[in-house]
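Here the chain labels run A, B, C and D in written order, and each chain numbers its own residues starting at 1.
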Amino acid sequence: MVKIFITGGTFDKSYDYINGKLFFEKTHLPEMIKRSKCRLDIEIETILMKDSLDFKSEDIHKIVNSCKNEKSNQIIITHGTDTMTNTAKLIADLNLSNKTIILTGAMIPYAFGSSSDGFFNLGCALSFVQTLKPGVYITMHGQYFEWNKVKKNKKIGVFETKK
Amino acid sequence: MVKIFITGGTFDKSYDYINGKLFFEKTHLPEMIKRSKCRLDIEIETILMKDSLDFKSEDIHKIVNSCKNEKSNQIIITHGTDTMTNTAKLIADLNLSNKTIILTGAMIPYAFGSSSDGFFNLGCALSFVQTLKPGVYITMHGQYFEWNKVKKNKKIGVFETKK
Amino acid sequence: MVKIFITGGTFDKSYDYINGKLFFEKTHLPEMIKRSKCRLDIEIETILMKDSLDFKSEDIHKIVNSCKNEKSNQIIITHGTDTMTNTAKLIADLNLSNKTIILTGAMIPYAFGSSSDGFFNLGCALSFVQTLKPGVYITMHGQYFEWNKVKKNKKIGVFETKK
Amino acid sequence: MVKIFITGGTFDKSYDYINGKLFFEKTHLPEMIKRSKCRLDIEIETILMKDSLDFKSEDIHKIVNSCKNEKSNQIIITHGTDTMTNTAKLIADLNLSNKTIILTGAMIPYAFGSSSDGFFNLGCALSFVQTLKPGVYITMHGQYFEWNKVKKNKKIGVFETKK
């Protein structure tokens, strides 16, 4: 069974037409899974619905704890891109030696239709979680990175290998 | 470098509004790669643009030969779902011991927008090609199958493990 | 109140991924009305869900009769483009002197996402039904045509003024 | 000939994935016109690309002047919804007695795919500009309003008749 933890992030943002701002209305994961015709055994759990820049320490604690307590060895976390490497590090500190944990997100919200990378990234996360050996990884842009070998280049909006 | 061979299939079909039938207008791969923000080194080559039910023996020969002659060890083939397992078998017969070859397709054309599984499947194919050991595989529905352990259940439109 | 009669046509076709053919799964009208944020008083009634090339005389009779019996003076009919002018003629023969009746359709199914003209055509139909004087009209391509001054040019898939 | 003046607004906003904010990248009008298969004679001119809350008096002056100097009697203006009624009033003050001028916009950006009302609104604007008698109007939600009989209810994001 693959467990997917939802924490919010650009991935799940919607557009609020009353005030013209982005917000969290609902998660798109169930709809995405249905559309993908995915036949894996998947369980989805929403931990948070927040921009990762707004995470407080108790929010991150919740995510880390969910990984610790999860019985499945295949875990995906949807997460805002801005602090994804930070959360990955805190999960890695747990030394969960049997678990493959993949963090992913989106540069453009799934709700924004045919420009979003989110559906592709979900395909990557579900594939890597089945094939990578236990560890904590980030997948974006079709690539996977070990948690301690990646940083987000915020200037160009790209995850890249940390030198 | 990942080589992507395009052969057509539902994946790349478009709607012809003159006669109301599906046809091949152009491949959507370059647009999909751009949208995915994929940063892998990718080379795309169109071998065919056909429904796999319309493949003649020389068409299949072209695909098999392209795999044989390709210098990259990471190959993805977009392919109609109806004869995908057949082409996979013929490629496997080559015994290309260093190459990871992934065939994928779509149940619903990419051009049909927010109902298509194609973009997700591309994410899966690009992930599996990086992580599976050499061999010939099919990926659909978030799963991967070794070429000789899968069949398409045409009644329900699903790839499943061959008993 | 605006009455919308649904009869099928390309407008409402979906893609059947089991057999790769187009079919009628459900009407998209309620979803389209919601998306448009339309605040007109609208009533939707499904008369048929058919390709207009498959209409039998009793099907056309049903459509004509629905127009005759409808109490609203503002009627929109979604209809396959191939026989739209024929049905328009039969409705015009009723000489319903108080009713503005607009037939519209789509060249590309609404279900096919960002290539479909259907949502635009619905906006046109709802606008013309409020502003044109009683009569029977076809709207396609942002234009409106009186029922007896239009033909479909099937070679290029375009409605044009009948010379 | 129908003249379309572009001034920006939610209609044409895109998502900037570097900073997560909305911005103006390009107008979507040409793409929308192509998709609509519209066969009207249309000329598009970009006057501004701004959120209407950011308009300065010279910006509004430009729009008003463009209407005054335009030779076509059928004019559409895409405009941010927040100050649309204000600009409509200033255009109406010109007393252009031969011109039908329609202001429209979108509650959700066209770039946000299958949730946007923009494509529908464009269909309405192009229809009303052909059928309403000279005057200045706003069209949103499938309705048209004379410029002095409408206000935006910002609390619920809806244009409604001014009491």
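Criterion: contacts are C-beta pairs under 8 Å (C-beta built on N, C-alpha and C of every residue); 3 or more make two chains touch, one makes a residue touch a chain.
Keep in mind the model is a prediction, meaning the values are calculated, not measured.
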item: Chain pair with the higher count of C-beta pairs in contact (A-B, A-D); value: A-B
item: Most distant chain from chain C by Cα centroid; value: A
item: Intercentroid distance (Cα basis), chain D paired with chain A, Å; value: 38
item: Where chain A and chain B are represented by their mean Cα positions, the distance between them in whole Å; value: 26
item: Residues within chain A bordering two or more other chains; value: 107, 113-115
item: Interfacial residue positions of chain B with respect to chain D in the complex; value: 113-114
item: Of chain D, residues touching chain C in the complex; value: 32, 35-40, 107, 113-117, 119-124, 126-128, 130-132, 139-144, 158, 160
item: Contact footprint of chain A on chain D as seen in their complex; value: 10, 15, 17-18, 20, 22, 107-109, 111-115, 154-157
